[in-house]
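The following pair of complexes shares a single chain, chain A, combined with chain B in the former and chain C in the latter.
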Partner chain A sequence: MARLVVLGGGVSGHTTATFAAKWLGSQHEVVVVTPNSKWNWIPSNIWVGVGEMTKEEVTFDLAPVYAKAGITYHQAKALSINPEGKEDSDKPFVTIEYTSEDKAGQTETIEYDYLVNATGPKLNFDATPGLGDGNGQMGENTVSVCTADHAVHAAEEFQKAIEKMKAGERQKFLIGTGHGMCTCQGAAFEYIFNIEHELNKAGVRDMAEVKWISNESFLGDFGMGGLHMKVGGYVVSSKLFAESLFAERGVEWLIGAHTSKVEAGKVEYELLDGTKGEEAFDFAMLIPPFAGVGLKAYNKAGEDITGTVFAPNGFMKVDANYNAGAYENWKASDWPRTYQNPTYKNMFAAGIAFAPPHIISKPMSSPNGTPINPTPPRTGMPSGIIGKAVAHSVCDLMTKGEDAKLHEASMAEMGAACVASAGKGVFSGQAAAMTVYPVVPDFEKYPGTGRDTDYTFGEIGLAGHWIKHILHHLFIYKAKLNPGWTLIPE
Partner chain B sequence: MIKEIIKYPTPLSVEYATDVRVFNDELFALIEDLKDTINENNLDGLAAFQIGNYYNVIVLKDEKGAFIEMINPRLISYKGRVSTQEATAYYPNQKAEITRYENISVVYQDRDGKDCSLQASGALAVTIQRKIDYTFGATFIHKMSKEEKERFEQRLEYGSDVGNSDYCPTTFKRDKIVLVMNVAMGLMVLGVVAALFIEDSALLHTLWKLLLYGAAGVIGLDIIYFFYAQYEGKKASGCSSCQIGNIIGTVAIVLLKLTVIMLLAYFFVYQ
Partner chain C sequence: MSEKKVVEEEINFQKNDAFNLTMIPGAFARKMRTCVIWQFIRFVIINVKMIIVVSKSH
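Here is the complex of A and B:
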C-alpha cells in the first residue's frame, strides 16, 4: 500500500484528494493535511462580505466528507518537506503542526510515497505596511473577503458604514488591490459592484463615494492582459466593458497604482508614472498580495534546500520554464503541463501553490523601479482542472508504476469562466459573465491577441446571477461528494 | 508609406490592443507609415488600428507639430473633465460633443522600449485619449452620452452597428420557428389538460388525432429548424462553430418537451 499526502484542502487540494481516493479505492491511502476544519466556496465570499450570505452557507465541515471518502484527515498545517527522508530512512516525509483545538501546536511527521502541494497562497498582508498587523494577519485599517471569516468581518464593517450614512455622515469606499503585485482583481471587481448595489438598495448611494484602486495598467486587465469580449454580439475590449460599467455606476478609478502604505483612513500609493499620492477612505477592502505559505525543505542531511524546491516567492517549482527571460521571449510553452517538481519526481504542486514561470499581463514598473503589475490569476476553474490532472497522474504512477504517462493541463490550453455579480437577487441586479480561452495567451497559435475570440466572450445581464447561484450550489454539492459528484465538471 | 485610413462604414477589425513585445524594423516601419499617413491627410494623430494594424501604437503631433511616438500607451491618471467638439478620421466630416478628462498622465514606451511618461492637457490630452480608445477597439462613439449617441447615429447613413458587423448576431430568423413550435406545444398541453374534463370518448378520440397531427407538425418543424439554423449561421461570418451545440440543444429540448406531452397524452387522452 502506497500513501499519497495532499497538503491543502482548498479547491485544488480537495479535487486532487477526492478523485485520488475514488480512483485508488482501498488499495492505497490518501491523506489530507489542511489547517482548516471547513471547506469554503470562495467565490461566494463576495456575498458574505456584503451581508447577503452567511458563513455557514459558503462553508461545510471537511471531517465527515473525508470520512465518507475514506481519506485520512489531519487538521494541521504543513511546516516542512524532507523529500529525501532522514539519515536512517530513505522514506520522504512532511512535518505538520496541528491546528485543531484538541491537538493545537503538536507536531508530527507523515511519510509519503507521493506528495501534492496544494497549499494555496499565504495572504501576505505584511507586504504593505499597515495592511497587515505585523504578525502575518490582516491589519485593523482595512477589510478583506479572501476568507469566509474576513468576509463576515467585512460585512459587519460595511453595515456600520451604512448606519453612519443613514445618520447623515458621508462615507468613502475604496476597493481594490493593496500592493503593486496583487492578483485576484476579479474578486475586488465583483466586490465593488456588490457594494455599490447594496448601497443603492439601502438608499444611501448618494451619501457614498465609491472608488477603485488597482495595480492594473488599464481597467479590465484582470491579471490576464485584458480580453476581447463578445457582448450582446458586439466585440469590445474588457477595458471598454469595465470602464462603461464603472462610469454607469458613478465609480471613479485609480489604476497603475502600488499601495505603498496603509494607515487608519488613508492609503499612500505610487503610480506607474512615478507620482505619489494619498487617498482617504472610511471603508477599504484591499486584496493582499499572495506568497507561498512558507514551507521549508530539507535534504537527507537536514540541510535547507528550500531554494531548490521552491521559487523565491515561496511557490513550488514545477515543470515550467523559469528562464524565459524578457517579455518578448514569453511563450505559451513556458507554462507547466504536468505540475511535477523537476528535482523530486514524486512531488507535484496544484492550484495557486505552483510557481508560475512569469506573469501574464505586460510587465510594468514605475520610474522608481517599483514593479506594478498584476500577478497571474489562478481561479477555481483552472485550480480544479489542474488538481484533477495531478490526481490522475499520481494515481497512474501508484497503480501502473513509475513510467506511467503523466496527465497534462496547461493554462495555455485551458479556458476559464468567471461570473462577476452586482447583487444577488433573482429578479434584480446584473452580473457579468466572461469566458476566456486560453487563460495564458498563445501568441504563436493566435497571432495578435494570443486568444481565440470565438471562445472569449462576455455577457452582462440578470442571467449571470442565476449562473452564479447555480455554480454556488453545484460546486458545494460536488465538494460534499454527494451522489453524481464526479459528473460535475471542475 | 502612406496607408489607407479605415473609414466608416468599413467595420473595424475585431483584433486589437495587442501590446508590442518586440521592438524591431517591423515596428519602425509601422511608425513611419503612421507619420506618412498623418502628414498626407493633415491629421493630429493616428492609432495603428486605424490603418488596419492591431498593434498598440499611436503617433501624435504635439502643439508645435513635432511627432510623439507612443508604444503600448496606458492612461494612468486623470483630473477634471472637459467637453469639446471632436472629429475623427474614421467618421469623415462628422463632429460630436465628447466629454473627456482635462488633464491626463500617460505611460508608454518609446521606439527603444524605454519606459516614458507624459502629462498632457487641453487638445493634446483629448487626442491621446481618443487614440488610446482606438487601440482598444473603440471609436469616439463609445464615449458619447446617450443623447449625443442618438443624435450622432441619426447622422450616420448606415447606423452605428456597421462598425461592428463582424460579429455573430444574437437574434435570428430561426428563432421564429422555435416560437411556432413552442406555441403549438402550448396548445397541445392545453388539449391534454382539457382531456381531464372530457368524458365523451368520440371527442377524446378526435383530440388524440389532433395531438398526433400536432406532434408530427412539431417534428417536421424541428427538422426544418435543424437545417435552416445551420444555413443561417454560416451566412454570418462572425459566428463560431460552437453554434452547432446551441442548435442541437434547441432541437433536443423541443423533442424532449414533445415526448413528455405525448406521454401524458397517451395516458390521459388515448382511448
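Here is the complex of A and C:
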C-alpha cells in the first residue's frame, strides 16, 4: 500500500484528494493535511461580503466528506517537507502542526510516497504597511473577502457605512488591490459592483463615492494582459468593456497604482509614472498580495533546501521554464504541463501553490523602480483542472509504476470561465460572464490577440447571473461528493 | 429657445474625462440585459460556449 499526502483542502487539493481516493479505492491511502475544518466556495464570499449570504451557505464541514471518501484527514498545517527522509530512513515525510481544538500546537510527521502541495496562497497583508497587523493577519484599516470570516466582517462594516449614509453622512468606498504585485483583480472587480448594486438597493447611492484602485496598467487587464472579445461585429479589448461598465455605474478608477501604505481612512500610493499620492476612504476592501505559505524543505542531512524546492516567492517549482528571460522571449510553452517538481519526482504542486514561470501581463515599473503589475491569476477552474490532472498522474504512478505517462494541463491550453455578478436576486442581479481561452495567451497559435476569439467572450446580463447561482450550488454539491459528483466538470 | 433633451444613459459621460472617452450602453442595450426571453436565449448560448471551453480544457 502506497500513501499520497495532499497538503491543502481548498479548490485544488480537494479535487486531487477526492479523485485520487475514488480512483485508488482501498488499495492505497490518501491523506489530506489542511488547517481548515470547513471547505469554502470562495467565489461566493463576495455575496457574504455584502451581507447577501451567510458563512454557512458558502462552507461545509470537511470531516464527514473525507470520512465518506475514505480519506485520512488531519486538521493541521504543513510546516516542512523532507523529500529525502532523514539520516536513518529514506522515506520522505512532512512535518505538520495541528490546528484542531483538541490537538492545537502538537506536531507530527507523516511519511509519504507521493506528495501534492495544494496549499494555495498566503494572504500577505504585511507586504504593505498598515494593510496587515504586523503578525501576518489583516490589519484594522481595511476589510477583505478572501476568506469566509473576512467576508462576514466586511459585511458588518459595510452595513455600518450604509447606516451612516442613511443618517446623512457621505461615505467613500475604495476597492481594489493593496499592493503593486497583487493578483485576483477579478474578485475585487466583482466586489465593487456588488457594493455599488447594494448601495442602489439601499437607496443611498447618491450619498456614496465608489472608487477603484488597482495595479493594472489598464482597466480590464485582470492579470492576464487583458483579453479581446467579439462585441457587435468588432473584436474589442477588455479595456473598453471594463471602462464602459465603470462609466455606466459611475465608478471612478485609479490604475497603475502600487498601494504603499494604509492608515485609518487613507492609502498612500505610487503610480506607474512615478508620482505619489493619497486617497481617503471610509470603507476599503483591498486584496493583499499572494505568496507561498512558507513551507520549508530539508535534505537527508537536515540542511535547508527550501531554495531548491521553492521559488523565492514561496511557490513550489514545477516543470515550468523559469529561465525565459525578457518579456519579448516569453512563450506559451514556458508554462508547466505536469506540475511535477523537477528535483523530487514524487512531488507535485497544484493550483495557486505552483510557481508560475513569469507573469502574464506586460511587466511594468515606475521610474523609481517599483514593480507595478498584476501577478498571474490561477482561478478556480484552472486550479480544479490542474488538481484533477495531478491526481490522474499520481494514481497512474501508484498503480502502473514509475514510468507511467504523466497527465498534462497547461494553462496555455486551458480556458477559464469567470462570472462576476452584482446583486443576488434572481431577476434583479446582473453579471459579467467571461470566458477566456486559453488563460495564457499563445501568440504563435493565435497571432493577434493570443487567444481564440470564438471562445473568449464577455457579456453583461441576467444570463451570467443565473450561471453564477447555478455554479454556486453545483460546486458545493460536487465538493460534498453527492451522487454524480464526478460528472460535474471542474 | 430649443427644448432640453435629457438622455439618462448619457449623463455619466460628463462626470469625468475618463468616462467621456469610453462607451456607455444605451437604453436598448440595457433593456436587453434584463429582458428575460433574450437572456434565456443568451443563457443557453453562454452555457454551450462554456461547456465547449471546459471540454477543450480537460
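Just so it is clear, the second predicted complex is superposed on the first by the 485 of 490 C-alpha atoms of A that agree within 3 Å, B and C clash if a C-alpha of one lies under 4 Å from a C-alpha of the other, contacts with A are read in each partner's own complex, and residues count from 1 in each chain.
Assume a contact is a pair of C-beta atoms (placed from the backbone, for glycine too) under 8 Å apart; a residue touches a chain by one contact, two chains touch by 3 or more.
Please read all numbers here as calculations on a predicted model, not as lab measurements.
Enquirer: Could you tell me if A:Gly225 is touching chain B, chain C, both of them or neither one (first, second, both, neither)?
Expert: A:Gly225 sits against chain B, while chain C stays out of touch.
Enquirer: Of the partners chain B and chain C, which touch A:Ser217 in the superposed model: first, second, both, neither?
Expert: After superposing on A, A:Ser217 lies in contact with chain B but is clear of chain C.
Enquirer: Taking the superposition on A as described, I'd like to know which of chain B and chain C A:Tyr455 touches: first, second, both or neither.
Expert: After superposing on A, A:Tyr455 lies in contact with both chain B and chain C.
Enquirer: According to the stated criteria, A:Asp273 is in contact with first (chain B), second (chain C), both, or neither; which is it?
Expert: In the superposition, A:Asp273 contacts chain B only.
Enquirer: In the superposed arrangement, which partner chain does A:Ser365 touch: chain B (first), chain C (second), both, or neither?
Expert: first
Enquirer: Give one of first, second, both or neither to describe whether A:Gly250 is in contact with chain B, with chain C, with both, or with none.
Expert: A:Gly250 contacts chain C only, not chain B.
Enquirer: Can A:Pro489 be said to touch chain B (first), chain C (second), both, or neither?
Expert: In the superposition, A:Pro489 touches chain C alone.
Enquirer: If you stack the two complexes on chain A, which partner ends up touching A:Thr95: first (chain B), second (chain C), both, or neither?
Expert: In the superposed model, A:Thr95 contacts neither chain B nor chain C.
Enquirer: Between chain B and chain C, whom does A:Thr435 touch in the aligned arrangement: first, second, both, or neither?
Expert: A:Thr435: touches chain C, not chain B.
Enquirer: Which residues would you name on chain A as touching chain B in one complex and chain C in the other?
Expert: The answer is residues 240, 244, 455 of chain A.
Enquirer: Hey, which residues of chain B end up touching chain A in the complex?
Expert: Listed in rising order, the residues are 14-19, 21-23, 54, 72, 74-77, 105-107, 115, 117, 119, 133, 136-138, 142, 164, 166-170, 240-242.
Enquirer: Which positions of chain C touch chain A when the two form their complex?
Expert: Within the complex, chain C contacts chain A at residues 9, 12-13, 15-16, 18-19, 21-25, 32-34, 36, 38-40, 42-43, 46-47, 49-58.
Enquirer: List the residues on chain A that touch chain C in their complex, please.
Expert: Touch residues, chain A against chain C: 240, 243-244, 246-248, 250, 252-253, 381, 385, 388, 409, 413-415, 417, 427, 430, 433, 435, 437, 455, 457, 459-464, 466-467, 489-490.
Enquirer: Hey, which residues of chain A end up touching chain B in the complex?
Expert: Contact set of chain A toward chain B: 217-218, 225-226, 228, 230, 232-237, 239-240, 244, 254-256, 271-275, 327-328, 330, 362, 364-365, 367, 443, 448-450, 453-455.
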